[in-house]
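For reference, chains read A, B, C and D in written order, and residue numbers begin at 1 within each chain.
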Amino acid sequence: MKEMKKIINSPQDVVPEMVDGLVRSYPEYLKQIPETEAVVRSDQASMKGKVGLVSGGGSGHEPTHAGFVGKGMLSAAVCGQVFTSPTPDQIYAAIKAVNQGKGVFLVIKNYSGDVMNFEMARDMAEMDGIAVKEIIVDDDIAVENSLYTQGKRGVAGTVLMHKLLGAAADQGASLDELETLAKKALPHISTIAVALSAATVPEVGKPGFELADDEIEYGVGIHSEPGYRREKIKPSKELVAELLSKIDEVQHLDATHQYALLINGMGATPLMEQYIFSHDVLNKLAEKNITPVFTKVGNYMTSIDMAGISLTIFELAEQKWLEYLNYPVATVAW
Amino acid sequence: MKEMKKIINSPQDVVPEMVDGLVRSYPEYLKQIPETEAVVRSDQASMKGKVGLVSGGGSGHEPTHAGFVGKGMLSAAVCGQVFTSPTPDQIYAAIKAVNQGKGVFLVIKNYSGDVMNFEMARDMAEMDGIAVKEIIVDDDIAVENSLYTQGKRGVAGTVLMHKLLGAAADQGASLDELETLAKKALPHISTIAVALSAATVPEVGKPGFELADDEIEYGVGIHSEPGYRREKIKPSKELVAELLSKIDEVQHLDATHQYALLINGMGATPLMEQYIFSHDVLNKLAEKNITPVFTKVGNYMTSIDMAGISLTIFELAEQKWLEYLNYPVATVAW
Amino acid sequence: MLTVELTKKWMELFYAQIDQEKAYLSELDTPIGDGDHGNNMKRGVDGVKDSLAKLKDPTLKETLRTIAMALISKVGGASGPLYGTAFLEMAKKCDESQEPAILFAAALEGIKKRGGAKEGDKTMVDVWAPTVKALTDGSFGTEQIKQAVASTKEMIARKGRASYLGERSVGHLDPGAMSSGYLFETFIAAGGVK
Amino acid sequence: MLTVELTKKWMELFYAQIDQEKAYLSELDTPIGDGDHGNNMKRGVDGVKDSLAKLKDPTLKETLRTIAMALISKVGGASGPLYGTAFLEMAKKCDESQEPAILFAAALEGIKKRGGAKEGDKTMVDVWAPTVKALTDGSFGTEQIKQAVASTKEMIARKGRASYLGERSVGHLDPGAMSSGYLFETFIAAGGVK
């Protein structure tokens, strides 16, 4: 078992120190809500008269969520402990901080903890007379959806959801319009990942699982939740073929549609590998005569120091959605 | 010795596949110069009537250099083999592609290979009647400068040099003005790094050096060149104290001056750790009553999959330099 | 009868138990979760300890409510809202009755409503439900609690993170079931049932 | 006398030697460099082989120039411009003389000018300089080359990446010195000196 080797002070101080470091590095975008680990836009004027957009969840996915706070994207982000949903009081503080009388929209990833804590906060806000609606993102197709289970997980596609809703909110969409947009877009966003190693939670001190030196695992989640198959590492093209075929089963990729592509590094995988992976994805899509109209490659929804990559395909069923993706923002990380 | 585990196809194809993946993912910014691994702005109009700005070097530092090509920053970047300077013919092709009759300025990192190959390309361009000037960046203070050696290395500070010169060039600075700016700014940029692990060059297949599970090394270069001291890993604050004291010896940090800060992840170090490190740097500077007027934290000048971080401090001796740093750009990675 | 004194004693023992088993709870959470249950619970009981220390001559309702709010605002994750809701429901009920069987039944209803889990879904509900039943039929006790916790081992998870594993969750104890087991065991140790 | 025939034979043997010692050259480049010298040289000799194969009845000048251009455009790094310059200078000189001693002396001057290294700086110059001298005084030979290569081991590097190590570069052979050693040894093996 490898020892943990990290640039930190003490494991319990990771989140407060990280949030402080981020906010003080980027005061032009971010402000910390006092006595919380929630972060709100410093450009208050940009929120005037608009629906507030709040996201959040466990920490460890940097730059998600706080890196996407700013004009044109999130109004606030709530940073929980590492891989642990933030508590309702913190989420509630963020809701209050961004409420401009037009209501507040919540972006929640589909984990029991996130859903329960955000919904408790929503209850608290509604008791205060703040209108709150939400979308529960579940883009990870590695997990079967079923009425009898928790359902699919929310992963990198959440970043695209932030972008879409942020652009719409900035253009004055109402709370109901945001809900409609979110519900319409969600089924068109599919993500699947492959891991080369697991993340090490600082307070735990060892990786969430162990892979042999030549092993990979398909379908792993962003908290090192196990995936659907383990095997020997393969060339990038073959990883792409596997992941893309899984997405194809769900989305039935087809040259008559427009697609956006998000290739996401999990934290320890360098851009060199991400660009090669991207080359292989674009080649494989070209075999189907598909050229994505929007592509982003980088570390957006990480899993601390996990090595691996995720592939998100977003079918742009409406032209407006591409405009939202291209809409200018002022954030640390988009 | 750990086996190499990377998302690649074959080690020899890393650079062409990576460049292809990058360019095809971001056609709005980038175009590949045919038959080369050089990348030029796709927004040709933005270069009209301006001095061309060309950088480059070995690959493995992604998003440097190609990620900084675009309006307001580099005109072109030349991607060599991994950790190997590009060849003169490729650099020459980039110079020709960006020349608009106003001359071309080269940003070279101070490595024998880079200097020799860029200068051979410069000779070729000058024979064609293209005016060429250059800056040789050597911001790494870990290495002593001396008349009898190669001198200091060029590392993360190069990204700030790109930003400065790119903004000035976009505003119409002449070739001579760029040279003056570059020479003035260079001595004010100091960088120093700490490594938790070394990079693995795909064609080599094993890390450039080995560190024990609890060991770090100060002063390591961006090609796993050895540093100045090895010791047991320490809390982030103590790493910061060590690195900042080295910079202080050179820069004599002082509250009457303005500073920009660049905290740079080396590839495998997650943002979580970078933000904590940033928190500690800001605290340590605050002890001297210094609050940087510009900060950036992220993976800018990486060393493939090395774990570690570098700290760059840039004394903004002229107010104009801060404007250059804040000047808007359209690139993949700034 | 649940009293302020008993509740305080109970929380002290629960604190000590979580403090001691923190690493084990996180370890249980590793193969079928995200490895943080021990840390989550530790933050929770730290919060409970701090908040209770600040109370002056509290009523039972205030005591239970304080525990609930500390858990809700300190634990996070899935277990925070669930344990928090449990104590909140007990606080609501305690004016009416201080009978453990009745209070824990109210708590169980709260947990089920908040999380949507049923018995057999391999969650803390699989400790709470049989324990509430045992309190009514008189079979409540350390052995019964241990059995309830152990019963989760062979279940397939259908709620919480472990559900992403499907059948591969079989063979592992549920961490929330284990921490709920500690809650009831320390209740007994505090003198909750004679 | 350097001829087209001899040059081709020489390059074939040099190709084979680099191909065989590629990993070793990169290994030498690891403690005091960036571990790529073998790969760099391999790309270079691959390029030389391809380019020479395309030449039809070339002159000696064309042959040397072709080798130079292949090295310049394929190797990159520090060694590319240096080996490229060496062959370019030989191409320039070969109309005047085909004497190895004279050609290699011209190449050495090019290397020194391009890279600024002097003897004793722990670079390929420490093989080229004594070898050129040996060609003049008749001591040229495999033994002499091996000695020149070995002499770099105890030097402190003052040019190239190894110079960043300062005194810690002592105790390691210089990789460029080693590949230059191969160049001269294969020259002998090709029949370059009888």
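Criterion: a contact is a pair of C-beta atoms (placed from the backbone, for glycine too) under 8 Å apart; a residue touches a chain by one contact, two chains touch by 3 or more.
Just so we're on the same page, UniProt names per chain: A, B = Dihydroxyacetone kinase, DhaK subunit; C, D = phosphoenolpyruvate--glycerone phosphotransferase.
Fair warning: this is a prediction, and the values are worked out from it, not measured in the lab.
Peer 1: Taking each chain's centre as the mean of its CA atoms, how far is subunit B from subunit C in angstrom?
Peer 2: 53
Peer 1: For subunit B and subunit D, let me know how many angstrom lie between their CA-based centres, rounded off.
Peer 2: That pair's centroid distance is 31 Å.
Peer 1: Taking each chain's centre as the mean position of its Cα atoms, how many Å separate subunit C from subunit D?
Peer 2: Subunit C and subunit D have C-alpha centres separated by 75 Å.
Peer 1: How many Å are there between the centre of subunit A and the centre of subunit B, using C-alpha atoms for each centre?
Peer 2: 29
Peer 1: Quick check on subunit B: which residues sit in contact with 2+ other chains?
Peer 2: 82
Peer 1: Give me the residue numbers in subunit D that touch at least two other chains, ranges are fine.
Peer 2: none
Peer 1: If you connect every pair of chains that touch, what shape comes out? Choose line, ring, star, complete or other.
Peer 2: Drawn as a graph, the chains make an open path, so a line.
Peer 1: Name the touching chain pairs, would you?
Peer 2: All chain pairs meeting the touch criterion are A-B, A-C, B-D.
Peer 1: Quick one: in the complex, what on subunit A touches subunit B?
Peer 2: 2-3, 5-10, 14, 17-22, 24-26, 59-60, 62-63, 67, 82, 194, 196-197, 213-214, 233, 235-237, 239, 261, 263, 267-280, 282, 295-297, 299, 302, 304-305, 307, 309
Peer 1: If we count contacts the way the header does, which residues on subunit C are in touch with subunit A in the complex?
Peer 2: Contacts found on subunit C: 26, 30-31, 34-36, 39-40, 43, 72-82, 84, 114-115, 158-161, 163-166, 168.
Peer 1: List the residues on subunit A that touch subunit C in their complex, please.
Peer 2: Residues 58, 80-90, 111-113, 116-117, 120, 143-144, 148-150, 153, 201, 203-204, 208-209, 221, 223-226.
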